[in-house]
Every structure is written in structure tokens, then in C-alpha cells.
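Chain nomenclature is as follows: A, B and C, assigned in order of appearance, with residue numbering initiated at 1 for each chain independently.
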């Protein structure tokens, strides 16, 4: 039983389901990666876990508590952080303001968390008073992740954090994500760059057409010849 | 040299000083339009009437104060009544939002429906205002009329051209500066202000961050109501209060907001002054200026007016058209606060 | 209740209301209301073409109406030879200069696309120079024209053609203005069209009020030639006299009823033609495409439809219909009074008609035009009576009562605002919903 788990979820837009009894979960301090071909329902699964899409069947549990019926905002208060794939920063706000907005629901002093985020992403400290819209793609992703960390979540969900950034920046981002996981946060992410993502994953889910095809540790999936052949390009 | 100074005095008296006052009034009006646009995403046609309503509320309170013999000495009594007027206007904005706009927000209606709704509200308010205070001119400016009289200026400088500064003009500019400073402090330094900017920038992400949209909307209406009341009262103090004029003010106000980039508060202020000065300089009669600058004998016969004063609203339209043609996003492009 | 019965009953109720007015007040009043109902219905059809077919918000109906009115005087008033002699050619020449310089400016702008900042200055200079040349030529001409017997003429007059012809010209004027505005504001955010039309309509009214050489401005143009007989002539006609005798009404009243009926016949035929054309257009592939664009712009654009161009077509067509109605209105009034154009009466009221009638449905627009105009006219006596009733308990010289009675007229404004808001909120479909086709 994982710390956060979306159990046997069926959900979709309009009439038909995109997810079919799909299960994804993650432990505290671990990284779980969801991979699969285009249109496999990876992002949909993330949305379902975060409550942005109502479930037709199945449930979402966190720390053994049923949170299936909580709204996304309530899940944020409950300890979940979410970084959407697109439009994930406030472009006209400065970096620091972005982080402050991330901590909007916190009424206590969050300067410690701010320092932690700046320690994790030193470049943000440097550019703290620059508008987030003026930053490079990789730096924006750091702002987005930093924003989500400001609530001190127990689970961090990332929807393709490395979309559109260069390989060097991607490696750097993955390093940071590992660092975040080491601090005890559960990380659930969707990735296009399946090989690299699985190499840092404690657990991997291969989705095909909205169903679980393979579920194993990251390294086991990387070693599985069927997975390699079908999904990792040999 | 004296000629040049005379020209300067002439221009200051008829264009620069009135332009600063008018520009401030437009800027405050456009700020209200731009805030509503930034947060609620529609052009509020009822804003002119909201300004009118605010001015009316202030006038009624002013009369009540005057009837009790309360005054501010050299300053207009309206300044004392203004806080009450602001409170009433904010009340109006919150009530209209609750009764009218909130429904469409929950229904997630298209922006153009908001537009029609605001037009309906504009006429409803217009009728209400005329019903309460009547359609006629109301002069409510008491206190000293001039800070600097034309005669005094002439005696002081020895120039032929006088320069008069009305109390209402200086009050307008000073108030506008204070209000703008407070507004920018609010938007950039306070938690509520930042959340307003964040919501305006990216609604979905604001929701994800736990920002309560209803609260942002409420704060927006409170600021808009205050701005509208102040702008309307200042305009009424400076010129005179007549319900009809606020319909005509709508065009220059929209033009100011769009020229600066609708949704951008800094742009609204810049736009207000661009419109005000263009209006005054285009409809200015340059006859006297040329008489000073050209050698004697070459002075023109006509008024040398680029456009007759009747067309001053056409100026804002022209500028609007030019902006829409060349840079529809405005000078300081931005959809966000 | 099938839709057909519903429509029939709506129109019968409307007719009965008008007949009641005829019986209670007078037939003259009833026919006056009917004539304006017909014109309102045409205007409403025009707005419905823009809003109902394409979702375009025109906040400047008043301006297009006034352009129709301008056409009425330019077509029908006989030319004033003295004024033409005094400054006609000069003014026309100056206006030509103005037109040419606009052309040059546009060409300059288009040809200097990659000149950077210099492009703005050059175009600006061309415009400024053209404007200066125009003003220098035109100003003395205008002054001369306006000096010709200002109390009687003081303007160029028109072409002295039958006024019916102006209905087409009015449509053309409005279409021309709509083309310019649409070209600028369409394709941008929907708010910009609303703001631009609001602006252009204000400016058109200012223009008509101030360009005395063309319109006599606030001095008005009275006594426009009529497309129907005059009362005086009818009163001496035998058939009118016998008819009046048979009905037992005074000949003067009979003659005026005949005049109003002839107007009604003219207006009704225009209404039918416009209605038939709009319905045919709506049902044609063009109309289907317009509604497809309205309902889903992104999908339509993905299918390769040029949305801005389609919107421009619809906007120009709708404005032309409004312009025709504007010319008809001035024809009916027999005079052109620029000061009478109020946004409330000519923009807002028409919008209330469209929304209440049922946006997207032509029949709805017609009934909306009838119903709202009827109550707009009848609201005044009703409102006054209501106020009288409310204040009946007060002292006759109570200040509040006095104030309420005096300002009762503004209740109409409020009521119409309220009607619009309530209709939008609780019956956005209107009296006759668009329905599925």
C-alpha cells in the first residue's frame, strides 16, 4: 500500500473513459514515473489523482485516508503539490512573488521554506526580482517546482517537468528532483523522456491506452526487453 | 525671449495645466476599467455611470454637510464627503456584482455577454442617477476657486499672458498622485494585491495555489468602486457635475486604457495623459502662439485650430484607431495587472 | 403549444394591444406606434444579423441610424444654388484633396513596411500635409456656404431626388462606415468592436451636429419631401371625404390616418423584404457557416474559414439594414434633427428589442421590436400614473412627491435597463428562441 495511491481509476472527458482501472502510487521519499506512448492517458492519470477530473470508478488514497472527493484546492491544503505542464508560472510576477503565491495558503512564516527553495535552486535567488516570464525554459520549470514546494507538500506531482528544455538542463532538473525526494517527499511524475526518467525512478508505470501495461522498479523496467523494445526505442 | 515665455504661459494656462488635471481624471477612470478587465476579463461599460454615481453620492453628502455649516475652509467640502461617497460606491459595486455579475461568472459565460450586461447596468444606473439627482448641472465646488490667479501671475512675472491654477486642478493632481502610489503599493507589496495580480496573470495556477477567486473579485470591485468615485468627484469638482457627461467620458476612458494596454495599470495612467494632452493640443487654437512666434505681420487670421473643440472626443477615437491598427496590445502590452 | 401557434398568438396579442390603443386613445396614436414598431423591427433585424448570426456586439446603432437620416436629406432636399455658387466647388475640391491624401497615406504606409520608425513619421507627415491642404481649401468654402442665408439655408442642400431613393443610399452610407470600423476593429478582441462602434457613433453625431454646411447642424432640416400624399391634399379629395363621412370621423383625422396607413404600407413592404432576405440568408449555406463560426470560432478557423472576413460581411450587411431603417425614420419624421439622436433611444433600446425578442431569430427580432417599442411609448403614461398612485398619500406640495413626479420620466431608462438585465438572466432565449434548424 503506497503512501499516495490512485486505485483502479476509471475516468475520462465527456462520454467515454480514457483511463481503465488504472493504478498509480508512490511512497514517501521515492520517485514514481509514469511513461507510455502519446495518448496513453498519462496526463489524464495525473489529473485524476489530483482531482482535476472526477473519477467514475476507483479511489484516491493518501496516507490511508480517502481523498477521492476533495477538490484540487483542498488537496493542496492536504499536502499535495502539483506542477502543470503548461502555464505553470505567473509570467508577470517576479520569481520571489511566484514563490510567495505558492505559499498563499500558509499563514505562518514561510521564510525558511523560501530559503530552502533558494538553496535548492540557487539561480532563482539570483533572479528573485526578475519577472518569471523573462526567464529561460529551464529556469521557469525551477520556478514552477519551487512554487509547488512552498506549501511544504508531502507529495509533489510533476506533469512533464522537462518538456521543451535542453538535455543538460534536463539532467540538472532530474538531479534536483532526486534531491527533493531525498528530503522525504513523494514524487509522482509523468515523463516523455522515458529512459532518463526511469533511470532515476524507484518505481515505474508503463501505461498503454489508459491501462497499466507494466509496473515494476525503474531499473527492472529498463532491463525488461519487452519494455525496451516497445517503449524505449530498443 | 519674452515672446517665448508668453507662449509658455499661454500653453500652460490653456493646455498643460488643464491637461494634467484632465489626464489625472482619465487615468483614474481608466485604472478602474483596466482592473476590472484584468481580473474579470471584460470591458466594463458601466464604469462611466459608476463614476457618475460616486460623484452623485459625494455631492449629496456635501450638501448635507453644507446644510450643517461644515466646511473645509479654502478646500472644497466635497473632500470631506469623499470617504462617505467612496463607501457608498464600493457598496454599489459589491451589490451589482452579487446581483448581476456573479451569476455569469459561475456560468462561465462568454465575455461578450458580460459586455451586454454591463451596458444594461450602465443604463439602469444612468436612470437611477437621473431619478435621484435630476439631469441638470450641479455645481458643488465651494472653497477658494484659484490657487494662482491670472492677474497675480501677470503682476508677478510682468508677462502679457496670465496663468491661472484652479484649486480643483491642483487637488485633482495631488489626489491622483496619492491614489496611484497607494494602488501600486497595494498591488506590489501586499498579499491581497499580489494575489490579484497572480489571478489576473494565470487563473488556473492561482486556483492551484489556493487563491480564492471570489475574494480577488471582491477586492477588485472595492478598488474599482473607490477609484470610480474619486475620479467622478474630481471631474465634477473641476468642471461641473452633469449626469450626461459621463456617457461621453466612456470613450476617452476606454481609449486611455487601450492605448496603454488594457489590463496594465501603468499603461492606463500613461494612456490617460496621452489622451488628455492630445485632446487639448489638437483642439488648441494656436493663433496667439503663432502671433508671438512669427514676425509681426505674419500673424494668421483664423484660430489655427487643428480640430474644432466640438470634436475633442474624436481625438480619443483617432488615437484609439491608430493604436488598434498599429499595436492592438497597446503601448505597454499586457493582459495582466 | 407548437411554435407556430405560439408565434401566431404573440403577434395577435401585439395586434390586439395596438387595436386597444386605437379604441382607447385614438387611431392616430395607434398608427404612429405601429409605424415606429415597423421601423424598430427593421433596425432590430439589422442588429440581429450582427449579434444573432455572428455574435458581434454593435454599440453604435445610433451612428448608423443617423447616417441613414443624413442620406434622407442629401437625397431629397433640393440643392441650394447660391450655396453651391458661394463655396460648393471649393468645398468639394477640398474634400477630394482630403480623400486623395488619405489614399496617399495608405499607399505610403503599405509601401514602407520595412522602413522601421521612419514609416510612422513619413505616414504622419503625409497625413498632416494632406489635412493642412484640405483645411486651407475647405475652410473658406464652408464659411461661404454657411453665410448664405443662415436662417433659411446655409448649407449645400441635396440632390432633390425622391426621398424613397434615400433608403438605399442610407443603407450604403451605413455600410461604408461599418466597413471602415469593421476593418479596424474586427479580428481583435470582441470588446474592441463594441468600443470602436461606440466611438464612431458618437463622432457621427458630433459631425452631423457641427458640419452646418452639410446638415445645417442643430438648426435642423425641416419639411422633407414625402413619399406619400399630404394631409391638405387629401382633405380636398372626394374619396377621403366620403370615407370619413361613412366612418363618422372628422376629415382632418381621416386624412392623417390615410397618410399613416400609406407609410405603414411602405414600411411593411420593406420589413417583409428585409425579413425574407435575412431568413433566406440564414437558411443558406452562408447562414449555416455564420452560425457555425459563432458557436465555435476555433473549429471554424481550423476548417480554413476566414473568420474576420466573414464577420466583416455580416457587420456591413447588418449596418446597412440599420442605415435603411434610419433613412426611413427621417422620412417618417419629415425632418432631420441631429440633436435628437440619443444612444438610449437608438442603441440601447434596439438591443433590448433584440435580446427580449430572441437573439438569432428573425421573427423574434420583429416581435421584440414591436413589444418593446409599444411599451416604451406606453410606459410614460403608465409610469406617470404609477407615480401618481404611489405618491397619492403624500401632501400635494410635498417636496418628495414633487421630485418623484418630476423625475418619473427617468424611470423609463431604469426600467429598460432592468428589463435587459432580467431578460439576459432569466430568459436569455427571448420570446422566440433561435431553436434548432
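The definition used in the following text is that a contact is a pair of C-beta atoms (placed from the backbone, for glycine too) under 8 Å apart; a residue touches a chain by one contact, two chains touch by 3 or more.
Everything numeric in this text was worked out from a predicted model, so none of it was measured.
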item	value
Chain ID, smallest distance between chain and overall C-alpha centroids	B
Centroid-based (C-alpha) most distant chain relative to subunit C	A
Intercentroid distance (Cα basis), subunit C paired with subunit B, Å	31
Centre-of-Cα separation between subunit B and subunit A, whole angstrom	47
Chain centre separation (subunit A, subunit C; CA means) in Å	58
Subunit C contact footprint on subunit B (complex, rising order)	37, 42-43, 45, 100, 103, 110-113, 115-117, 119-128, 130-132, 134-135, 247-248, 250-251, 254-255, 258, 262, 302, 306, 308, 310-311, 313-314, 316-317, 320-321, 324-326, 328
Complex contacts: residues of subunit B adjacent to subunit A	191, 194-195, 197-198, 201-202, 204-211, 334, 336-337
Of all residues in subunit A, those that touch subunit B in their complex	72-73, 76-77, 82, 84, 87-93, 97, 100-102, 104-105, 147, 151
Parts of subunit C lying in touch with subunit B, wherever the complex brings them together	55, 57, 59, 120, 131, 139, 184-185, 188-192, 194-196, 198-200, 202-203, 206, 209-210, 343-344, 348, 351, 355, 406-407, 410-418, 420-421, 424-425
